[in-house]
Amino acid sequence: MGIFKDIESNVRGYCRAFPVVFRKAHNATLVDDQGKEYVDFLGGAGTLNYGHNNPEFKQALIDYIESDGITHGLDMHTEAKRDFLETFQSHILEPRGMDYKVQFTGPTGTNAVEAALKIARMNTGRQTIVSFTNGFHGVTQGAAAVTANGYYKKANGMPTTGVQFMPFDGYLGDFDTLKYFEKALEDGSSGLGHPAAVIVECIQGEGGLNVASAEWMRGLQALCRRHDMLLIVDDIQAGCGRSGTFFSFEEFDIQPDIITLSKSLGGYGLPMAVVLLKEKYDTWKPGEHNGTFRGNNHAFVTARRALETYWSDDRFATEVKHKAFLLKNRLKSIQARHAGDCKHKGRGIMQGLEFASGEVASEITELAFSRGLIIETSGSDDQVVKILTPLTIEEANLNKGLDILESCIDEVLAERLRVANAS
Amino acid sequence: MGIFKDIESNVRGYCRAFPVVFRKAHNATLVDDQGKEYVDFLGGAGTLNYGHNNPEFKQALIDYIESDGITHGLDMHTEAKRDFLETFQSHILEPRGMDYKVQFTGPTGTNAVEAALKIARMNTGRQTIVSFTNGFHGVTQGAAAVTANGYYKKANGMPTTGVQFMPFDGYLGDFDTLKYFEKALEDGSSGLGHPAAVIVECIQGEGGLNVASAEWMRGLQALCRRHDMLLIVDDIQAGCGRSGTFFSFEEFDIQPDIITLSKSLGGYGLPMAVVLLKEKYDTWKPGEHNGTFRGNNHAFVTARRALETYWSDDRFATEVKHKAFLLKNRLKSIQARHAGDCKHKGRGIMQGLEFASGEVASEITELAFSRGLIIETSGSDDQVVKILTPLTIEEANLNKGLDILESCIDEVLAERLRVANAS
Amino acid sequence: MGIFKDIESNVRGYCRAFPVVFRKAHNATLVDDQGKEYVDFLGGAGTLNYGHNNPEFKQALIDYIESDGITHGLDMHTEAKRDFLETFQSHILEPRGMDYKVQFTGPTGTNAVEAALKIARMNTGRQTIVSFTNGFHGVTQGAAAVTANGYYKKANGMPTTGVQFMPFDGYLGDFDTLKYFEKALEDGSSGLGHPAAVIVECIQGEGGLNVASAEWMRGLQALCRRHDMLLIVDDIQAGCGRSGTFFSFEEFDIQPDIITLSKSLGGYGLPMAVVLLKEKYDTWKPGEHNGTFRGNNHAFVTARRALETYWSDDRFATEVKHKAFLLKNRLKSIQARHAGDCKHKGRGIMQGLEFASGEVASEITELAFSRGLIIETSGSDDQVVKILTPLTIEEANLNKGLDILESCIDEVLAERLRVANAS
Amino acid sequence: MGIFKDIESNVRGYCRAFPVVFRKAHNATLVDDQGKEYVDFLGGAGTLNYGHNNPEFKQALIDYIESDGITHGLDMHTEAKRDFLETFQSHILEPRGMDYKVQFTGPTGTNAVEAALKIARMNTGRQTIVSFTNGFHGVTQGAAAVTANGYYKKANGMPTTGVQFMPFDGYLGDFDTLKYFEKALEDGSSGLGHPAAVIVECIQGEGGLNVASAEWMRGLQALCRRHDMLLIVDDIQAGCGRSGTFFSFEEFDIQPDIITLSKSLGGYGLPMAVVLLKEKYDTWKPGEHNGTFRGNNHAFVTARRALETYWSDDRFATEVKHKAFLLKNRLKSIQARHAGDCKHKGRGIMQGLEFASGEVASEITELAFSRGLIIETSGSDDQVVKILTPLTIEEANLNKGLDILESCIDEVLAERLRVANAS
């Protein structure tokens, strides 16, 4: 691994937690250059909902490459883009009664967020965006401003401009955080002014698997409507099926004004991002938000296949919900056995356990890695062990991973108890 | 094309100038869904230096995919990344005596620029960045702030913060713009303060093919050294061989503190971006600048092949210089025939002709498209017809494209003259 | 009044509520150019704590002028400044065990606030300031950013930068707002980051007479200490005796790091402002925060006399507390008679009644003006009728004013009830 | 002087250069507490155009105070304000054919500048302000952003937002700086965008007595008109007669959209400031830019007297021009004797000599102080010895001061020459 240490920047991160060199992968299994296999509960941080190198899409991609299909086409029309758009329309938007324009942005989540903030500001002529505690939306300057984590904010090196933070659902215990938000909106002297938009995740991935309730999300949308603010749902991590439905807010009966999607949208782990926006807000002039890689046609090919394969009917969603149910039961039972030491969080296949500190959580994930499980932490103190495994994971593999995880939790907590009692 | 009009956002741009649906492509040839072929003088806006679907890389990519090589791995170590790093080190950095760390950012140019600005601000504890007239660096908030074009700046919707613009080489005619910059730096009361860094392109692509001279670039580096500012060269469009050397500044005998690369780096048109930074500035903490698609392993595979294929010796560079020479002669002769109506600009295979207005330039490129040539305009008024064809273009195809272009120029200028005389 | 309408800017405000031309004034009595007298419950918005044209200071000022004492001296040493500083030290700081440096800023409250924010940012190297809902700190750009009122914020024309707002004491009903603040500070991912400082008023004057409790203020100071943030108390309106003690926080047993004073500091209604800062934060370099009128020597003369006259012993404070007690009783009794229609707010001689809307409050103050009482509204909707009469008001005059006020309240509320019942 | 050292903030500035305690003053003479007299060539940094304690205004002020005239009246109508407005209208605006609304801002120059920037931004809906190299406009956040001096900018602690700097007249030697400005405006990709307004001083006081030519100022106004930007002339230091006419731009035949005045406007050295704005830009809503001391009625009384005494006819202006002529001759002759070592700068009674460094200039002013002359330096390196004496200075006193100054220059330059030759 000398070359990494020699010339890769110190900014590298995940490779420090998982210090091996990976060679190949399939579905929820990673294989390193020694042939060792790992259960993947990381799932590309939400990018590999359909697993590594999904065989359904793989052949389509190879066929496309072999046919010399357009690989890079800026934002010109291509057959691959056309096919993706038609499939997205027929498989996702139409069945859900959703009427949105699709903007292809630079193929990263942060770029989609930047585009969403711009269009919200342009449409309203206002500059303040409301974001929430523990929200994560990216690290480019505009997205970092709406990202709550001080680690990224500090690295951004610029003061937060045009953003005010509000407490997320549950942040103030029993106190209804929307009441505070509403009061601040109605009170012309709250410091909030009249925001252009609200940006929110239904399930906060990086923030520690905090879940917004249906009631809260509906209340938030109502607030946006009453106060003429655009509602932006950042569904980059929680979208594309992870919650059990394609969008994480489907069961809430809301219609955000703007939606950002990325990560698993490309299907195969290939870079792709879109902004969905209601037609009346599609006031862009040609090329106003541009970028070289808006047309990642390989991703269009696999994205389309993903939609066709998994979203033609409700079988996949049902399967995801079933696995989420299994996961929840398992985690709840662990919580029950370690009452007070860990707490279940999340929903869909975006669940985890919160421990007393990032230190405890890290001990667990490090031990797990040594036993063949790749899993990361999240939350403000990295105190939440987070399961983001591919939705397509085989049940056996899921259980195998959970077994490793549970044993590690048991051992780490037991050892900690022993030390505590000894001292 | 109904689906595009129906649901693709109004932000779409290039597809308006080239309103067909493309199916496939090879080297400098694009083919639409009717089978019609086009000479590609656009080259993915600098992304397709090695041509569309370069056969050298294509098989490597297919092999990798077939072997279930890691596609998406966040920023974990993979064999593909290792191989890329080793090749980049051996083929690019070492032979040029360059000692840099490599940071994989989100796979877009704008993301690399954002990372560069952050690290410059963090290293210096200062916030002002100096950018230049007609500079283009991306459209996310931080990059848009250093982008000179008001079209993007306005869409950004936020006031320019922490950025001051200086005139680029030649912007003030015979007046040495570095003298102004130097005076402003030495004068504590110039309004400039003490900037953290300077960001500059050696050849301004979007800005209209303005070329910085070797002397000016050396002077700029000297100014940066004397005044303790970091020199960031944004080589996203002019790099990866387009100027006739791998980096656009190689013949200037300078060593920027930070270099951004993207576009053709991935080789095959796949999204990829890096920041090169001198070790002393690599003060990143793990994950401070993160992103889901930092590890686009498909791009690593093709990027490595591109380096091996084209940068193992100087044959490719020599070939590029030869084509650039042909191009220059041809454009100079057109200029000579239309004295006063067009002006040669640029260097390397990044040359073009400046016309009286964007209107004239657009007439030419529209006519060219109808005749099978894809070529775009650039510059503040889109008044520059810009040739960014793949460096690998066959000479016959290059000449074919130039023939079309020349005939269109002749006709448009003649018609304009006719109308002018008639009125 | 033609000249005002003809050439004074539309920005003029108070004169619209009190559309007469005033000629002279003494203590709490204003006289217009027709000789009509008005009871002054406005008190120069807190500037005339010692009444209009206080005879104790008047002669000192005339003597100083007649002696050709320095009127304008930039920030040079003058006898008048020396005498003021010695008196401020002996009469205010020393008796209270307060060890502060005195910075003379431009002679307006907003200028003192700007200086306070700068020095907090410079001392910490951080940029975020926390301000509170309904806080008012001035209208220059830096002060407007920490001012909560959207009316001023919008006029500022720039996005709020480097400021986050927190709910003031009582803003969330029974929910302890400091708990939210503390959680946000301890949570590295709350969006708040690590602020440089907190700026707060103990009694929010413009914000509608919201009162911070001693416990809350102590908790806030403790929070600042624990989290290494500077505590700035803006005592511009509530200071100089208005609360019943010289500083509004004296009975709270706290020691802010920075205190801003202005308004009644000059004693005679003359422009003057200071920043008090603990010595360790006095890291200013000479002239870093400058301004032409820092040395308003006339104000130094009257300011010193005010301190000598009213703060040599505790008689004045006792008198103020007595009047505050009378005021409270009277307002509480009005509240009792109009249960549900108005609510007592404030403390010291900074009390008032909150009505259902700004409309009701305005009707009352307009009626009051017609009957010879000058009184203004405050609060986010101007719904609070605010009594800021000179602390030196004669009890007879105070009662006269209160009689007028009470009769107006009775009539306006009765008429509103009549109309409501009729419809 | 113990008290100053003990408790006055380190920010104190002028008192360090002139370390005595002043007692009284008349016209251009200051007297310290030991009875020592000084010739005042500082003139309150432009505030004392009519001299210290001008006897013409003194009695009016005392009479007003004795009559209990309104001292502090917020922005209510008073007789003193009415009389000032009528006199300003009849003596200043009407005779010059100027049609402006008068806004009373907080009584400091920086506050007037902040108001001017706000109203420019609100009227245009744009945020960028263009300011010039060496411009000084104040130290509150908005004004500091348009101030060129890095010393204040750094203390401001926030990145410059919404401001771009352009080179002032003469900054680039023979190169016409307006050509650069114009090119940047016409070039949509210059980085400048479409500014809301330009703020400029006709004579840069703090910036080192740089003088804009009539041609340049007319060109600047024409540029503003062509590009729909507001022209703000900051006449705070150069206005009120200092240039030889009331406004510093009168002989240029221009009509700025907005003018800021302060310093000598109050006449007696009392805090006062106004913004003059063309009626169509007076779009303020009531109280949008407010402040406690907008109505400094003492200053209205003396300001009116100043207008009546000195601006009823052209005698005063003629006298000022005559003194400016004497001053210029004297300084030019000094320059001639020390060819190469000092250079004449400025116009009106705002002239000085530029030396090789701030060190030389300081030696001269220190020596001068020891000989009874108070004079300051300005410029980016404090290299300009600046004469800002009261316009009313007696010719004998003027000559006395110039004699001292000349002797100090001769001695300091001679000594420097001696040392240089010796080494």
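All chains are identified by letter, namely A, B, C and D, in their written order; residue positions are counted from 1 within each chain.
One rule holds for everything that comes next: a residue touches a chain if its C-beta (ideal position, glycine included) is under 8 Å from a C-beta of that chain, and two chains touch if they have at least 3 such contacts.
Computed from a prediction, not measured in an experiment: that's the story for all the values here.
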item: Of B-D and A-D, whichever chain pair has more C-beta contact pairs; value: B-D
item: Chain of greatest Cα-centre distance to chain B; value: C
item: Centre-of-Cα separation between chain D and chain C, whole angstrom; value: 31
item: Distance between the centres, which are taken as Cα means, of chain D and chain B, whole angstrom; value: 48
item: For chain A paired with chain D, centre-to-centre distance based on mean C-alpha positions, whole Å; value: 57
item: Chain B residues counted as touching two or more neighbouring chains; value: 127, 151, 158-159, 161-162
item: Of chain C, residues touching chain D in the complex; value: 1, 3-4, 6-16, 18-26, 30, 33, 42, 44-48, 52-53, 58, 61-62, 65-79, 81-82, 85-86, 89, 93, 100-104, 106-111, 114-115, 117-118, 121-122, 127, 138-143, 145, 151-152, 155-158, 161-162, 262-263, 268-271, 275, 277, 282-293, 296, 298
item: Parts of chain A lying in touch with chain D, wherever the complex brings them together; value: 125, 158-159, 161
item: Contact set on chain D toward chain B in their complex; value: 127-128, 131-136, 147-151, 153-154, 159-165, 167, 171-172, 175, 179-180, 183-184, 187-194, 207-208, 379-381
